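First, the structure itself, so that you have it in front of you.
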Amino acid sequence: MIYLTRIEHFNAAHKLFNPDWDFQKNEEVFGKCANDNWHGHNYELYVTVKGEPNPDTGFVFDVKKLGEIIRDQVLEKIDHRNLNVDVDFMKGLMCSTENLAIGIWNELKKYLPQEVVLHCIKLYETPKIYVEYFG
Amino acid sequence: MIYLTRIEHFNAAHKLFNPDWDFQKNEEVFGKCANDNWHGHNYELYVTVKGEPNPDTGFVFDVKKLGEIIRDQVLEKIDHRNLNVDVDFMKGLMCSTENLAIGIWNELKKYLPQEVVLHCIKLYETPKIYVEYFG
Amino acid sequence: MIYLTRIEHFNAAHKLFNPDWDFQKNEEVFGKCANDNWHGHNYELYVTVKGEPNPDTGFVFDVKKLGEIIRDQVLEKIDHRNLNVDVDFMKGLMCSTENLAIGIWNELKKYLPQEVVLHCIKLYETPKIYVEYFG
Amino acid sequence: MIYLTRIEHFNAAHKLFNPDWDFQKNEEVFGKCANDNWHGHNYELYVTVKGEPNPDTGFVFDVKKLGEIIRDQVLEKIDHRNLNVDVDFMKGLMCSTENLAIGIWNELKKYLPQEVVLHCIKLYETPKIYVEYFG
Amino acid sequence: MIYLTRIEHFNAAHKLFNPDWDFQKNEEVFGKCANDNWHGHNYELYVTVKGEPNPDTGFVFDVKKLGEIIRDQVLEKIDHRNLNVDVDFMKGLMCSTENLAIGIWNELKKYLPQEVVLHCIKLYETPKIYVEYFG
Amino acid sequence: MIYLTRIEHFNAAHKLFNPDWDFQKNEEVFGKCANDNWHGHNYELYVTVKGEPNPDTGFVFDVKKLGEIIRDQVLEKIDHRNLNVDVDFMKGLMCSTENLAIGIWNELKKYLPQEVVLHCIKLYETPKIYVEYFG
């Protein structure tokens, strides 16, 4: 078994704000991340798939094709967007890095061909914070 | 002469939108960066000052103090903010990395003590794009 | 299950020296790392916790609080210190990156709230060497 | 159990070309990577071993010795080489990063002393693509 | 005056070999870099242009357009190529990073619009070696 | 004119302590950096030389030879050392990054052949702090 990882980049605006709470509670819990007028990030997205190398190509999966699927099916929906407002698969969810990683997993899984198994979504929100989701 | 650089991090939302143009022209010129609901970035800010080392300390300038001035006088105004909406010194300006670097230079210059000379503001908008301003 | 990682930085002096051996044996085994007058490193510390996101916040754990606990309970004891001399939890142990990672795990575990599970301590000693400890 | 990782660097030429296919099929599948006159990469190699720290040294394994074994037994055969032409352990295999990681695992395993267990070969082909192999 | 830098990535095969010298002299001077069957690198290319920000856009130059020109006019000729064999503008020159940076400068200069001034080509051959050329 | 940079790594212990001041004044000025038992860093050293490429080699200067001179003449004296205690060329000087960069410049200049001109010593003390010295 080989694990193959492709790294892609996107950037987006968001805020952390729970609509069931008043503004003061949101500020207490989320601090500057609750800023009403949004803030944003450069996200680094690591997508790991796994499988056995095909003897004809040496590939677990064509990494260029993997990059295209990530860009066409996921980044197209979130890059240069407002994650709270513009992204269907984040509707009704708190816009944390944790939930964004789960959302990306669910989205990507629909579009990956059967021959390849999604193993991990790793998502850097800042150079000092990342989350990992294994499904 | 020694050049001393302190690197700080902030993140913010913005959009590129010229209010003198209609939406279509903005889209033509700025593409996804004109997204009405904003997008955002992790910015890496490099502040370089210059001078001769003080023989008593070996310092051109106390780099901890430099970090504090950057955080208190500049990042406090732009970190986790909307650069178009929340930042006084960007009012009336296009919210490009170029103009943001000039704005940071002007702001920081007011608060640096006379003993140290500001040499360069270098600002990464993404890991593949940065600008430099020398005043 | 989501894995959340916070990266923090510290620097410290240390040496590799086994007091049960003479100087020559220490030099043979540890080479330049046995230098009597110490050497030092910038360490990069990756702390990974795991859990399910809280629906109210979207967080496995508040990453700012995680950073504070790491800084207040661990870095306060090791940052800008001599790991062999100044650090209670390294007393009587060889001051290797391996033992330092185990020590940080044990220390941090005492101070993390019950709602969160410590998963991994990853510690870079140089940009080319790191260790991981999972308890 | 502690996991210890040593990172080494090498660079090499290669191409992706299946001799059972004609040139057109190779171009279709491998695109620019099939360029007849080769292309090349800077590879970053992460070698992870595991074990319990020796109380006398604090080491799972002497990381300097690990670096030497990697350089003497593996990099000597692949650094500044043509992976398709110059490397015995890649003969008859497609020259993908997947197969190269497996080849490095097999080679390194022969030369690691019994006291240490090889855990993972991680290999970056570009800053955006890596594979992992756990044997 | 603002300096704007765009970073792009390419990879290529090359060797260092002076055809006026015999094989032994080439080995003496260039060591492993003279390997007859080539080796290769991931190159990081920093292109810096300078000018005054346009008040309508805030841009010295549209950085997306800059990226397109670099990719279409330069990377198209060198990415996934053999620099000694496949690249017209390196013909008759030693294939060093120094000469490659000068070649990229000359090539790019032809295709940049008059409104923008090329300031610097910075080229990383490995993570530990780079050159800069200012024309 | 081409500028060629070689990056090398070393690590060392030091403290910031002015012997003309009492302990309290040292603590006020240098904070944790005055810790009596030392602390330490991984330093990244960038050495830039300049010149015109030699047509026979394409080199401003042989970058392998540059690396050897840096390691043999400079790193040998400071790597895995105590900068305050073990290093002749820092005797009597405050052990700041500024003074260390000047010391490295002076040392290296003695050992570089006449055919190459030293242009800059750039020295990272932490990933967020560096100094540059141009002689």
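Per-chain residue numbering starts at 1, and chain names A, B, C, D, E and F are given in the order in which the chains are listed.
Just so we're on the same page, a residue touches a chain if its C-beta (ideal position, glycine included) is under 8 Å from a C-beta of that chain, and two chains touch if they have at least 3 such contacts.
In this text the structure is predicted, and so the values were computed from the model without any measurement.
Novice: For chain E, which other chain has the most distant CA centre?
Specialist: Of all the other chains, the one whose centre lies farthest from chain E is C.
Novice: So, comparing C-alpha centroids, which chain is the farthest one from chain A?
Specialist: Most remote chain from chain A, centroid-wise, comes out as F.
Novice: Return the distance between the CA-based centres of chain B and chain E, expressed in whole Å.
Specialist: Here chain B and chain E have centroids separated by 29 Å.
Novice: When the C-alpha atoms of chain B and chain D are each averaged to a single point, how far apart are the two points in Å?
Specialist: Between these chains, centre-to-centre, one finds 41 Å.
Novice: Could you please state the distance in Å, as a whole number, between where the Cα atoms of chain D are centred and where those of chain F are centred?
Specialist: Taking the average C-alpha coordinate of chain D and of chain F, the gap between them is 33 Å.
Novice: Can you list the residues of chain C that touch 2 or more other chains?
Specialist: Where chain C meets two or more other chains at a single residue, that happens at 127.
Novice: What's the complete list of touching chain pairs for this entry?
Specialist: Those chain pairs satisfying the definition are A-B, A-C, A-D, B-E, B-F, C-D, C-F, D-E, E-F.
Novice: Taking the touch rule as given, give the residues of chain F at its contact with chain E in the complex, in rising order.
Specialist: 1-8, 53, 55-60, 62-64, 67
Novice: Sort out for me which residues of chain D touch chain A in the complex.
Specialist: 16, 18, 20, 29-31, 93-99, 101-102, 127-134
Novice: So in the complex, which bits of chain F are touching chain C?
Specialist: That would be residues 9, 11-14, 32-33, 35, 37-42, 79-82, 85-86, 126-127 of chain F.
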